[in-house]
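Here come two complexes built around chain A, the first alongside chain B, the second alongside chain C.
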Partner chain A sequence: MKNLLKQKGRKKMPSYLVGPTVILILAMVYGSLGSEYFLDPTSIVFNTGRYIEIGLLALALTFVIINGDIDLSVASMLAASAGVLAKLFAAGVPILWCSLAAVVTGLVLGLINGLIVIKLGLPSLVVTLATLALYRGITQVMLGDSVVADYPESFIGFDQRLIIGGTPGLPAPLALFFVAALIFYFILHRSNYGLLNIMSGSNPSSSKFSGVSVDRVRLTAFAISGLVSGLCAVMITSRLGSTISNVGLGLELLAITVVVLGGTDIFGGRGAISGTIVALFAIMAVRESLVIQDVNGQVQDAAIGILLILTVLIPRIREYTVDKRNRQKRFNEAQSKTVSH
Partner chain B sequence: MSNKQDSKATYIFKKREFGIFVFIVVLLAIFGAIEPRFFRSDNLSAILSSVGILMVVGAGQTLVIVTRNIDLSVGSTLGLSAMVMGMVARSNPEFSTVGLILISMFVGGLCGLLNGLLVSYGKIPSIIATLGTLAIIRGAVFIVSDNVQIDPNDVPQAIIDLSTTSPIGIPWLLIFAFISITLVWYISSQTLLGKRIYAVGSNPEGAISRGLSFNRITILVFVFLGVLAGVGGVLYTARYATINPADVGRGLEFDVISAVVIGGTNIFGGSGTALGTALGCLLIGILSNGLTVVGVSPFWKACATGFLILLAVTVDNVVRRKQEQKFLLAIRNQGAGK
Partner chain C sequence: MNKSRKVLVPVLSMSLILTGISASFLATSATAAPKYKVTYIPKNLGNPYFDAIVGGFNKAAKGLNMTVKVVAPAQAGATDQIPFIEAAIQQKVTAIAISPNDANALCPTLKRAMKAGIIVLTVNGDTAASCRQASITPTDFSVLGKYLVDQTAKVMGGPGDWAFLSATSTAPDQNAWLAGAKTYIDGGGQPTLNLVATVYGDDAPEKSATEASALLAKYPNLKAINAPTTVGIAAAAQVLSTSPLKGKVQVTGLGTPNQMRQYIKDGTVKSFSLWDPGLQGQIAANLIVSMKTKKVTPKSGVKFSIKGVGPGNWTMGKDAQIIAGPPQEFDAKNIDKFNF
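Moving on to the complex of A and B:
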């Protein structure tokens, strides 16, 4: 009896996790067939460094997208923050203050996005398309075609540093990602704000009528997205050791892909941090397993594109067949009723 | 009363394009005043030919956005069609020019069909579906070409000539742009199909309940955009003569959507005109060329585009709100009169 209760009480895996998990496992298998070193813990841990920025951006974007908005400008905000960091550093400001300034820049740019969207009542897709160009343009004006490098040794190589030593160890970016994921998880699924976030995304007008300050919730999401972009600017500068004006070009599409693959509804109102996390690792595994097979970067992106479409399409097909079966059942019932009459 | 309301609405609708037109004239005047070389015929033709590709693709994108969809994959579609055409031309140098153009259009149409099927029957939101196909089609460009670029001496001279020569003195490139804009104008304002496209965009449920085939219209506009992106591929080849798998059409989607939005098309569907898009493309072209001619650093170009989009949508929004207010006021007055 006790056993039965336990069986019944066991939660099924949420449907949005199925797709990314399957992809993750398949990619792991494929990768380990390609090279015996693929599953080597050290190589796994050190290959994550490049994906952490995408992961952090995706975590922040999850909030924005759950609200029913979208932020296309994340990569440009990242670039502008990195530009501020580089300019200040070139002017002789200590690196710590530069990093702080970069994070603040990100926050301010995110707030600008949010204020334009909310105060002027414009669609976020268009506004962030405009600021995508605008912020990238500001970066280009700031940096021109110059390269800022010569950052102090203590600042660069953040991705190579270990929080926990030994093999495999825990590199700093991965640790940071886990901490961030945990924080975002608690904000979205365990806090008041998260609930308001999901509410205002699923039905903005009724949330407004029940006293939710939808505008403030949306503004906060944009601000978070800006803040995280600023943080990523510091990380990417530390990782690359130099700054140019096209830093992070095209990252926005990758981050949005991660969010959508993780099951967040692009129209808002539904989504989970766990989905975004699993999707990030799935994309990481796909890419790394294809790198081992010496596949071109564009073709790797194409594979991710196919997986993205399949993860959205397959549940639709299932839905469709179930729907059809139910309709057939109802039809049969109605038929038998009329016959019996 | 309702008649008067209608005429007012069309008046404001017309004014929207008129606003862009005035902006273009002011911009021309400023650039011309600072640097008279701006009005030299070779500079003006450079502007027009830089805008031609944008206009061809933008014309198709207008219809897609009118139906509440968006196509992010146009750059990749243009790339794939140009690449396939270039490869056919490289292996059979004697292939006819018309045949090459048709091949490019066909490949573009296939990409559009894929997008259309995913969005209509697959019921995937267009922004996700085309985000996926953006990467997939770009990957296809690499697989098809084996990462080898098409060199200028592999492209037939007849194709390259499309960007410079023509029977009537205007380059073919501009004729193609003019034809696509006119075609979209004709479809949207003169045919029943156009009415249906706008109906689906402004009220999908209503359109379906009136018996319109939502799926068929969605597929149609995507295929149409794909074919135009194929034409864009031909024009790209004509203008640049080199087809590099990584560069061809990269980032075009942002330029095209910017132009369409600046042209006054509502991103939520239901309204937008070919003329507006054409003017939007022209505005972007004039701005980026003018800044260079006047001597402003080219790094300001992206900033200017961003500002322009914000300005355009803000003005649109204000006009739309005023229009709604007037409409509500008119209804209230009518009620009070009774």
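Moving on to the complex of A and C:
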């Protein structure tokens, strides 16, 4: 009976989910043992707010990375979009139009990334490393040292709004994340685009010869990445109630960490939305369990670093040992065959 | 496959448990249920200036039945302090004292803390007035900009070019001083001095040193660098102490005596200034208790006194601002009397 249950559970969980799920559970246990304040449903739910931008960026990046590309410029696209939003608002444009303009800015910047990568045939790592600096630079030129802060009350505090009331309730960012995750899940795992996405990433040249428009698939992924960055710009502006030129600095690394922790292969061809989702909640749980116990920022960063290495390393060791064992087996079989002859 | 998965779980749990043991050991070292729980969030860690504020907090807390927890982010970015404010709300502390990295980005979170009944004080730097109940400032900022210009004139001892080496371009305290300096200069203050540049070292030693070296290279007629930040002044002094320009280019600004002692002794720096940062911690700790027990409501014109601390009496200024004390100049004659 025990064996049966075990086997059932094993079958259900794909290997890329094991690492982040274990981290998630252990962090929850560690947090609740370490602080009586940790398992407060309202706080847990509300504290997700500042991770949602990372989560949305990670969802979009999952597509880019499955293609075998990378987009390092997401945080800079976010900043440039937030800069456009702030500048338009300061010029007296209604906030709704400013927000829309921010999303469009993100989309355009993402398309620019994609077009440079595809039309000029340059590696996305180099191109987006360049636009990381370029888009941030444009933001700094746009905003200088100024701060835009007098946003209307109705716009500020999107993360404090409840979609479903009560305790703990469902705050708007978390609801948005669930909806986005569902959409991205269907695109990647239930649509033609997703299939093409994985095909392009795992073997671009053979996909091309079998009639897949690899270029269009990759361009779409960059565009989605830009669009989501623009959306996150609106969210972060609402959450912080102000805009400065270094908004979102370093978010790209956090988002890529989530994607990789979720089992998406950094070289492309393999990945799943569910991995990214679980990885986001795992990182959230680790950070929250540490901060509630007054662990300082440096130690938190180090913990995430160690966990990332372990989660990526352990499956590799497993593959290596399984591979070695199989080879040994084949070798033994061959040997015995020779002997029997 | 099965075997290796059996390895995965224990390895991960071991690593987490190990960090857990060390972390909870650190967290529970202060015991015996105190009446007031205070969380102080400095800009970042490893900055001796903030260590001195923490020292003031701890000194006052001893007699007040108070525990003071100090937590800080790894970087001094605009939003890096938010998780620590949220954790303090979750821990239902009595008060949050914070040295904010940004005047606006923390506002929504600090307002949530006040809504939850937590006292919010800003220490050494301020946010918008609606985001905290009172603000403790180390000295009179409105005259500090002028003070920095006059201080530079004093060490230069004659006309010439000089530059500011500041912290981050969004730090509210730094910006207020730089603006004050500019107003004073524009109004005809120290007319023989020529401010040629303002650069930002982001309160990181390497970046500050790089910016200081760049100033020396770019402005051959530079006579002085004024760094009104403890990280910046030490970095600039360090660059000059090994440079042929030592003694020709003066370094001054705001620094801590312990950090700057060697540069005063080796003649790189003539004089620099600061106030007693610990005073702010002492005032904050006492004010929190007064607000709880004597129902002191901070607002303009409210007077309060603390026996044996600094000037002893304070009157709150506009927007409940409290000025801790006057600046203190350090030079070769008096530096050994100070230890922070």
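Couple of notes before you dig in:
Note that the second predicted complex is superposed on the first by the 322 of 341 C-alpha atoms of A that agree within 3 Å, B and C clash if a C-alpha of one lies under 4 Å from a C-alpha of the other, contacts with A are read in each partner's own complex, and residues count from 1 in each chain.
The definition used in the following text is that a contact is a pair of C-beta atoms (placed from the backbone, for glycine too) under 8 Å apart; a residue touches a chain by one contact, two chains touch by 3 or more.
Quick caveat, the model's predicted, so the values are computed rather than measured.
Between chain B and chain C, it is C that contacts the larger number of residues in chain A. Once chain A of one complex is fitted onto chain A of the other, the partner contacts of A:Tyr30 are limited to chain C, with no touch recorded for chain B. Contacts of A:Val312 after superposition: chain B is touched, whereas chain C is not reached. When both complexes are overlaid on chain A, the residue A:Leu39 reaches neither chain B nor chain C. By the touch criterion stated above, A:Leu129 is placed in contact with chain B alone, chain C being left untouched. In the superposed model, A:Gly137 makes contact with chain B only, not with chain C.
Legend: residue contacts after superposition of the two complexes on their common chain; A:Leu290 is shown touching chain C, with no touch to chain B.
Of the two partner chains, neither chain B nor chain C is touched by A:Leu96. In the superposed pair of complexes, A:Asp301 makes contact with chain B and with chain C alike.
In the superposition on chain A, the residues of chain A contacted by chain B and by chain C overlap at 296, 298-301, 303, 306. Within the complex formed with chain A, the residues of chain C that make contact are 1, 4-5, 7-9, 11-13, 15-17, 19-20, 23-24, 26-27, 44-45, 69, 71-75, 77-80, 82-84, 86-87, 89-92, 102-105, 107-108, 112, 128, 169-170, 175. Touching chain A in their complex are the following residues of chain B: 70, 118, 122-125, 127-129, 131-143, 147, 245-246, 254, 257-258, 261, 267-268, 297, 299-310, 313-314, 317. If you check the complex, the residues on chain A that touch chain C are 18-19, 22-23, 26-27, 30, 33-35, 37-38, 40, 43, 46-47, 50, 145, 147, 149, 156-157, 160, 239-242, 244, 246-247, 249-250, 287-288, 290-301, 303, 306-307, 310, 314, 317-318, 321-322. Across the interface of their complex, chain B is touched by residues 70, 116, 120-123, 125-127, 129-138, 140-141, 144, 245, 253, 256-257, 260, 266-267, 296, 298-306, 308-309, 312-313, 316 of chain A.
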